[in-house]
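Following are the structures in question.
Look at the two complexes coming up: chain A is in both, with chain B in one and chain C in the other.
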Partner chain A sequence: MTAFLKARMPVLAVGISILLLWYGGAIWLNAPQAIEGFARAGRAWGAMDLVHQTFAMKRPVLPTPDQVLSDLIDSLFHYPPTSIRNLLYHAGVTAEATLLGFLMGVAFGALLAVGIVHLKTLDSSLMPWVIISQTIPILAIAPMVVVIFGNLGFTGLLPKAVISMYLCFFPITIGLVKGLRSTDPLALDLMRTYSASVSQTFWLLRLPTSLPYLFTSIKVSIAISLIGAIVAELPTGGTAGLGARLLSGSYYGQTVQIWSALVMSALLSLTLVGLAGLAERLIVGRGGRKGA
Partner chain B sequence: MGSSSTLPVAEAIATTPAENRPIVDIRTLSLIFKAADKPVTALDGIDLRINSGDFVSLIGPSGCGKTTLLRVIADLEQPTSGDITVNGLTPEAARLKRAYGYVFQAPALYPWRTVERNVTLPLEIIGLDKTERQRRSAQQLALVGLAGFEKKFPWQLSGGMQQRVSIARALAFEPDLLLMDEPFGALDEITRDHLNSQLSRLWRTTGKTCVFVTHSISEAVFLSTRIVVMSPRPGRILDVIDCDLPRERSLEMRESQRFQDIAARVRHGLAEGHSYDE
Partner chain C sequence: MHARRSPMTPLVLLTLPAFALPVGGLAESPLAWWQSTPALLALAIVLASLVLARWTPRTAFTEALLLAPGLFAGAALPLVLLDGGVALDQAAGLWMFLAGILALLWHVMERLTECSGFFRHLLVPALFGVMLIYLWEVGVRGFQVPSVLLPPPSSIAGALTTQTANLEDDFFQTVIKAVLRGYLWGCGAGFAVAILADRVPFLARGLLPFGNLVSAIPVVGIAPIMVMWFGFDWPSKAAVVVVMTFFPMLVNTLAGLAASEAIQLDLMRSYAAGYWRTLLMLRLPNAMPFLFNGLKINSTLALIGAIVAEFFGTPVVGMGFRISTEVARMNLSIVWATIVVAGITGSLMYGGLSWLERTVTAWHPSYRRR
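Let's turn to the complex of A and B:
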């Protein structure tokens, strides 16, 4: 137990510091509003009154961690998961777009990578465009994608997934190109002495070699994919999804709601990255590699 | 290493020596690498015939083209001029027919595959079914003294054992020709001696034709029926020495006068071709 504490001490210390700063910040940022409230009510106040008041505002500039937590718990446990007031429902909507976008991104990114590695013309013609595509801010692209897809009759899930895919295919392509090219030249010679076909060399040698690179990319990609889905929910003006929740929170000055949606999306992101890590351990770490 | 395993193959299947059919036939072969500054002549006017059942060692200092010559035979490099046939075919046709097994300097095992699945890799490529693959893998692993290590991963094995797995892998589709590029170069001397006697026995009992690249004189004399001495810049054959020791070799044989005489001749050949002007 003490060893456990010792190992966790630095993390705990940082966590506690953040909490203290957060509460301090809440006092500082909410004080003007609180003082105004006291003045309007015409009652005298002391330092403790001020602290109490800044921690219990209905629409604080900065809500306290416990306000966020109680809002989160209230939303998660006091409404059925299908209710629009339950954050799980919104997380589910966003996760759906995230996963679909991620799968499309992996498929598209992998296709590009395989083409780039095997065809020299694709390497010189596609690679610059792949990089340029990522220099365009997603916030500028997202509304246009939504409008275009809307015109074609697609709303809801698909435009969101496409925006998500646009962001997340990039790490997959870059990682997989690097991975597929990291094959040991000796191992390639070996395949040649067996007169192995291009596809045999790919499935038996190149792909297994690239898996560690691919999974690193996947972990980055799935987190980016979630950002894509959330950004895509802003211009759709939808009523469901973590992005919509963030947007409506900011419309109505519901800061606590914004923060709890934010925490929820962080939790979703952690879960997704965790799942990717688990898949990596199951597929890459099947006893084949020592440590690494 | 640890295991002082002997090969469990019956000595009786020893085949009759050389029927003098050329397996590899090389005539006035040259290879020039186009380097950035100036072309490098890696091989120059090579003439060499390797007969069935021969154990031919290519020996010479670094840069003499011995590995390049082996890679030309394996169709891993293309000659600039001259003729070469392997089993009467072009090297490419021979490679496509899987005429040879190749053992590299490094074991080049796939770390994500078990020992058994490394040995069965070439068999998967040629499309044998699973039972046959496992049967052959067991057979070849026994031949190199690694029965019982099927389920281990390469990193769980010593360097010498890994290299024996790579030999078993090269033998898996039962080629008549075995090309080996300094397979024991990275191993300590004791392990090397041990593997040399195993390899010698393997060659004698299976009757395969072997081409073996090395820069160890005693290894070359111990293993070979013929030793090809090469010199660098440009890569040329200086001398071809018959190594007429009995086919059955023992490590003690290295102390014999005959062995010493052949080794001396190889040494002289190497010294002659070695330029110290750099």
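Let's turn to the complex of A and C:
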């Protein structure tokens, strides 16, 4: 127990100091507004009144962690999951786009990687452009992609998924190219002595050895995919999704709503990355790499 | 010999039926190949260069060189026809011909890949990029895609020249004011805290889990909060950039500082070098690849952060502002021009950092000649 505590001490200490800073920041940032409120009400106030008031503002500049938490709990448990006031509903909408975009990104990224590994010409012609494509701040064109797809008659899920796809194919391609090339030359020679075909070598040797690389990329990709889906929800001015919650919160000055949407997206992201990690352990573990 | 070895030659031959099909449409009636002078001219040049490349003793490079005029003439044909008022949406023959030209281009790229150095690493990717832009131009204009969906590259280039003043202002507002300041502050702070955490291991063990946690969180989401705190002008954008760049820099610097080997550290100790001297002479140089990795990741993150933050409110200037308003006004060529500016900025930042990395860490094994 003490060993456990000792190992967690630094994390706990930093976590607690972040909380303290947060509450301190809430007093500092909300004070002007609170003082103005006191003055308008024409009542005298002391230091304790001020602290109390800054922790319980309706539209605080910085809400306190407990305000955010209670808003989150309120929305999660006091409304049915299908209600528009339940954050789970918004998280579901965003997760749908995230996962679709992620799957498309994995398919596209894997296709590029396989092409690049097998065709020398594609390696030298396409690879530089794959890298350049990521120096373009693609989130910037999210609104345009949404408008273009809207004109073509696609709204809702697909435009968001396409933006997620564009963001998350890159880590997959890079990771998989590296993984497919990291096959042991000895094992490749062995496959040649078996006179294995290119596709046999690919499925039986190259792909299994590249799995650890692939999963590292997948964990990065799925987090980026969520960012893509959230940003894609901003310009649609939509009513559903975590990005739409962020936008409407910022329009109406509902800071607590923004923060709880942020916390919700962090939770969603951690869940998705956790699931990817679980899949990794199940699939890579099965290949017997643990024993090796 | 060479021609037989390439699998692309049959593809070029497959385009033969194209010449029985119309090359375009003029005034609602199909236009055959023999009725159009530019089509015949282009065909002649393509055939001449094919014949020359086939029956001249050659290296990979001279073959590519001999095929170049044919490629150029074939690629120019649709553009010339379009300028001559010929409609291409029914021109099956021309599109088949173009497919053949693309197969030829692929063949040329294959040959150039066999060449060394410059051709392989610069010319081949450049050709591929030109091909993408060319297909975009021909496809959009040939099939008359409305410009509210996708403007052709030529009209984007037009917007780049006519809107230069606006684009310059946006660039100044977003990149120079917000991105650069936020980037320097964020990376600087990340680096400084990493050094501090390195001196106080307790802090490092406490901060690292949070750094990893933040990397999984969509940090862009703080943009509306920052806009609320710091107002509409550049400080709020710079603040978003600071928060976005801080943790990648922190995590990378910490990883870099741990990269020195025990035996090297022992050597420094046997020289009686203190903490700071060891840091300057051994550990920071060893950490350079990690530092540059963080800097490179951050260069794209910073641009994204600033532009997205501008979606939440700006003064009437800035790249994010330009994109969101011109999208609403259906001026897509200006939007694309802004994206071109952003893309070039991002590529230059990335390229500059890569160059700096090469110069600073030329000793590193990953740059050794194989």
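By our rule, the second predicted complex is superposed on the first by the 288 of 292 C-alpha atoms of A that agree within 3 Å, B and C clash if a C-alpha of one lies under 4 Å from a C-alpha of the other, contacts with A are read in each partner's own complex, and residues count from 1 in each chain.
The working rule: a residue touches a chain if its C-beta (ideal position, glycine included) is under 8 Å from a C-beta of that chain, and two chains touch if they have at least 3 such contacts.
Only a predicted model underlies this, so the values are computations on that prediction, with no experimental measurement involved.
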Chain A as common anchor, with chain B and chain C clashing or fitting: fit
Partner chain(s) touched by A:L226 [first = chain B, second = chain C, both, neither]: second
Partner chain(s) touched by A:L29 [first = chain B, second = chain C, both, neither]: second
First (chain B), second (chain C), both or neither touched by A:H78: neither
Contacts of A:Q200 with chain B and chain C, given as first, second, both or neither: first
Partner chain(s) touched by A:K58 [first = chain B, second = chain C, both, neither]: neither
Contacts of A:D184 with chain B and chain C, given as first, second, both or neither: first
More chain A residues in contact - chain B or chain C: C
Touching partner for A:P208 - first (chain B), second (chain C), both, neither: first
Chain A-centred angle between chain C and chain B, computed on Cα centres after superposition, in steps of 10 °: 70
Which superposed partner A:R281 touches (first chain B, second chain C, both, neither): neither
After superposition on chain A, the shortest CA separation from chain B to chain C (Å): 10
Contact set on chain B toward chain A in their complex: 74-76, 95-96, 98, 100-102, 104-106, 108, 110-113, 121-122, 124-126, 153, 155
Residues of chain A that touch chain C when the two form their complex: 9-15, 18, 29, 61-62, 120-121, 123-129, 132, 134-141, 143-144, 147-148, 151-152, 223, 226-227, 230-231, 234-235, 242, 246-247, 249-250, 253, 255, 258-259, 261-262, 265-266, 269-270, 273
Contacting residues of chain C [partner chain A, same complex]: 106, 109-110, 113, 120-121, 124-125, 127-129, 132, 148-150, 202-207, 209-210, 213, 215-218, 220-225, 227-229, 299-300, 303-304, 307-308, 311-313, 319-320, 323-324, 327, 332, 335-336, 338-339, 342-343, 346-347, 349-350
Residues of chain A that touch chain B when the two form their complex: 184, 186-187, 189-196, 200, 204-205, 208, 211, 284, 286-290
